[in-house]
Amino acid sequence: MTATRFFSDNAAAVHPAVMEAIAAANHVDTAYDGDALSQSLDAAFSELFETSCEVVWIPTGTAANSIILAHFVRPWQGILCHEEAHIEVDECGAPTFYSGGAKPMLLPGRGAKVDADALRRRIAGIRKDVHQVQPAAISITNATEYGLAWRPDEIGAIGEIARAEGMKLHMDGARFANAVAFLGCAPADVTWRAGVDALSFGFTKNGAMMAEALVFFGGRGGAGVRELKKRGGHLLSKGRFVAAQIRAMLTNDLWLANARAANAGAAALAAACGDRLLYPVEANELFVRLTADEAARLRGAGYDFYDWGEGAARLVVSWDQDAAAVAPLAAAIAAL
Amino acid sequence: MTATRFFSDNAAAVHPAVMEAIAAANHVDTAYDGDALSQSLDAAFSELFETSCEVVWIPTGTAANSIILAHFVRPWQGILCHEEAHIEVDECGAPTFYSGGAKPMLLPGRGAKVDADALRRRIAGIRKDVHQVQPAAISITNATEYGLAWRPDEIGAIGEIARAEGMKLHMDGARFANAVAFLGCAPADVTWRAGVDALSFGFTKNGAMMAEALVFFGGRGGAGVRELKKRGGHLLSKGRFVAAQIRAMLTNDLWLANARAANAGAAALAAACGDRLLYPVEANELFVRLTADEAARLRGAGYDFYDWGEGAARLVVSWDQDAAAVAPLAAAIAAL
Amino acid sequence: MTATRFFSDNAAAVHPAVMEAIAAANHVDTAYDGDALSQSLDAAFSELFETSCEVVWIPTGTAANSIILAHFVRPWQGILCHEEAHIEVDECGAPTFYSGGAKPMLLPGRGAKVDADALRRRIAGIRKDVHQVQPAAISITNATEYGLAWRPDEIGAIGEIARAEGMKLHMDGARFANAVAFLGCAPADVTWRAGVDALSFGFTKNGAMMAEALVFFGGRGGAGVRELKKRGGHLLSKGRFVAAQIRAMLTNDLWLANARAANAGAAALAAACGDRLLYPVEANELFVRLTADEAARLRGAGYDFYDWGEGAARLVVSWDQDAAAVAPLAAAIAAL
Amino acid sequence: MTATRFFSDNAAAVHPAVMEAIAAANHVDTAYDGDALSQSLDAAFSELFETSCEVVWIPTGTAANSIILAHFVRPWQGILCHEEAHIEVDECGAPTFYSGGAKPMLLPGRGAKVDADALRRRIAGIRKDVHQVQPAAISITNATEYGLAWRPDEIGAIGEIARAEGMKLHMDGARFANAVAFLGCAPADVTWRAGVDALSFGFTKNGAMMAEALVFFGGRGGAGVRELKKRGGHLLSKGRFVAAQIRAMLTNDLWLANARAANAGAAALAAACGDRLLYPVEANELFVRLTADEAARLRGAGYDFYDWGEGAARLVVSWDQDAAAVAPLAAAIAAL
């Protein structure tokens, strides 16, 4: 089945090491997030990111993004983001819900990367009065919705604007691991060193079961985050099972190994796609030109994937699909 | 450890059958709640409750209660509930958050059971104008926060008021299994047959990992519930792992067997408590008179439990603590 | 001063007949909206619109728009509107606030008129799942933010889409009077006969002090509107003073006479602007090409108006500025 | 009519000086709150209160209370107030709406005065965890809902608790003038000097048309207040007409003269009521024992007032009802 499933890394299996960690957590500790596993996250991420981090686990990426953003903006303020950002397009308005009404303020940019100049112009175009919503945070996604990795200097340019304007910079890292695996940089280089205030660090797509981390850099979390988590119904009573997943993903850099495997599978597939590619393949997603007829033929052969508008398709490679696993699809595409 | 842990069923272990079901779900199906396990819930609960049910899984009881109530009331309306209800006291205002502002309207009643006469008087006392918040739902908890099981006719009395007033009746069933196990009745008898419109059916305290079911009776769910779930960040991408837990709990009535075990443990403990008991022990919770000195001696012996105001304590027995498992504590209390 | 003030009809004087009506209301009747004047509005608007209307007064247009829209959509739904609509650009997010989170979903269109084809494409492009916000209402502005009047058949085309999609159609009529005055049609022709469900009928810009009417056609108001009004703090205790303004504006069609005067002033000014005009002048607003130097010269001569981006300006003519009153400015522009 | 109307000061006439000020404001200045009258409020109130004040006008008391409280608390926090406070009982949940979800946390106390000991005990009883809503503000009403004036030291006791707990102290001053008139103290003595952070200073019941002032002491207003006002739809475009009312009320201490007249009327009536009085009469409200038969006889004689539960009634005296004006009712009651 791993040879035919390309519709989403959302549906991939859970890594055996994560399953083992879950099984190992099945003893009594204490309830909610008072357990030793939950309490160990600050230190673990502080080491990984080479700076003091405050970390909160949460079961979904939608909740992770929404709670961080709700923490950064007041109900009457705005959130600058790309017009194709997941928080704008695919979360049923969750950031507006959690923040009590904050407004997504949309920006253009190639491959779902916010364009720094467009951002600057947009901010300049907002009248500084009470009639217009004033943005208080910027959110970017790394890797982007089109599988592109933000380079440290690109993030830095956005970070500078955020700092100059007194806004917070959030990174949606549903596929943060894939971006870091591609860049080969330190996690710090594409986060706090470039001006990111908080990261939604995703593990679910990358081998966990339901586990994401809200990572606040430099101790900038604080009042409100835990209340938003509880109030949103995300403080699981047996929270140790979520923390255990995250610890397993960090152990021996499993997060990085899984992302590398997925990226390698995507790269192998990309080689077979040639000029069908709409974007460079940097992480684990491919966007390819494909006629309706070609799509039908691949589906007839058992492959499962999403159409992406007219004449195009999205192929997502998961952590359990390395170069060997994608070989049959690569051959099928080459043979079209 | 099961011999000393009495602070909460929230922290109990996960039942082996549930762990197995989780492991068995670790194959690719599809994402979110489109998988076969999630899709099977309507039928499974319809059979259990002997009526057509619409069922939505959710990871926590706070989210379960809040989404049902948000579905039943508009932001400017109210929710009648006991002044010690979990939704009022222990959910950080989650039902108000999910509903966009609905007001808990508090009622007295012995043992956290809403008193039907007090309910009637309270409703009569609300001016029917736009200056006062008008209630649109009633929420009761079964078993109550003091471990009492609502009898079918008691629920029926509340259900009649709800129907007469055009309000919805919600049941918080975090310990629904314990109530049914005590009463020995059909689940239908204490829900829809008595006028309950929707139930938060809890499994987490009773042997699951993070799994609750929103059960709408008579197909009364509908528009809004799934949006509230997604918007709240509760639509896990690998949702099959939650549905699998629920199916395991329903298989061979594991939910009932676990609740019976916990109740039996509580009953055995109750026998040792004699006139220390503040309430009859019907489910798996005991509220006992205990001086500070007595509490200290029990804690010195390794027992873990919560104080309940001055001179009293709460002891909770979990599904993995049957009569034999509680024997040491029973002896310790008898010896005080 | 009326000869130099062109920055907004928001700042115009109150018509003497309205001032008299306010003075005449200074006797005791009853509080809130129980008074005879408030109670007379349904009948008065039903006659004007030739259909049964439910009418609620409110002090501001922002509140009028927000309460109607909050009545039409649930917190997780969307509101389709033009990207330059007042509700999107100039109300600090009020419709999102009042609705508990509804999302403005933006559409293009010349002169701030929503393009029916673009609307159809936008709706078709929304996936019908819980991940994407589903729109439940469409809002159009008549006259538009660029002073254009929607024709009955143009509104009808939007109304058909709304009906086919099960959405409500709202009209922001901050300058409804100016549109009707220009079109010379019955008010019904550009509202309910063309599919409009509710109208924010503005009087403040047109000679009142603080008075707008929420007009629900065909008795489609109902539960929620009055609660939203009270909850928003808009149920003035001496509400008769607002109702009195509206009654004065309806008496002898003062609303129409005032709008005609403003439109006539605008038309006279338009004649002097020639090919400086960016849009046809149909109501009481002009958008004209004007270099920074020209703008400075006009301002030097005492005229007050807003810049409209680079090299353009907005001139608004009020009810107390007829053709004669604008003659000096017309001459000054002609002389540039 | 002034001789028979005792149901509410909400329905009283507008004082001639206020009507004149409104008429005088009917010239063009600028829109919203940029006009000279609006801009003059900070200075005027700073003088009255003998300290630096930031002042925002608003049309209703419900909006005044809600915006101040929304400014002081985050959506997940609570507001401590008396269980019969107007914000709890009569505003359709407006403070919860404006704050994005804050919870009223109710307190007992004779005559609707919050009892300081009960307040201390209530705060002590809240677990300091994320499961329970944490209060961030205290709201008291002066004069209370039963017409009692808070003494400076009584307020000081509450203010000390607020300061010790890091909470803000709000005063609902719908009848602040009546309290000050009774006490004969400086306005500062019952506000900031006693620890009050912000006051809803009501003018509408006391002779204005629709005008209240949000008064923030010591420059403690700031970010958010004006956004909440605009977002709530309360930034009237012709705001000068509201500011004009407030200025008229301050001129020659009209607010104090009107309140003294109302209080004098109430005192004269109180003398006739003898031991019918349920509370001392300190401001302009009387709560009197009255059988259903007695109430019917007074109503038969033309008097209009509200019942107050069984066997009691509320009589409110307005600014235009001095001792002479209430003489007929006083005689009628004495004759019962």
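We call the chains A, B, C and D, going by the order they appear; numbering starts again at 1 in every chain.
Methods note: contacts are C-beta pairs under 8 Å (C-beta built on N, C-alpha and C of every residue); 3 or more make two chains touch, one makes a residue touch a chain.
Since the structure is predicted, the reported quantities are computational estimates derived from the model, not experimental observations.
For chain C, the chain whose average C-alpha position is most distant is B. When the C-beta pairs in contact are tallied for C-D and for A-D, the bigger tally goes to C-D. Inter-chain centre distance (chain C to chain D, centres taken as mean C-alpha positions): 34 Å.
One simple way to say how far apart two chains are is to compare their mean CA positions; for chain A and chain C this gives 42 Å.
The centroid of the Cα atoms in chain A and the matching centroid in chain D are 50 Å apart.
In chain B, the positions touching at least two other chains are 75-76, 91-93, 97, 101, 130-131, 227, 230-231, 235. On chain A, the positions that touch chain D within their shared complex are 74-76, 100-101, 130-131, 134, 224, 226-231, 235. Across the complex, chain D meets chain C through its residues 1-2, 5, 7-8, 10-14, 19, 22-23, 26-32, 58-64, 66, 91-94, 97-98, 204-205, 209-210, 227, 230-238, 241. On chain D, the positions that touch chain B within their shared complex are 75-76, 78, 89-93, 96-97, 101, 103-104, 130-133.
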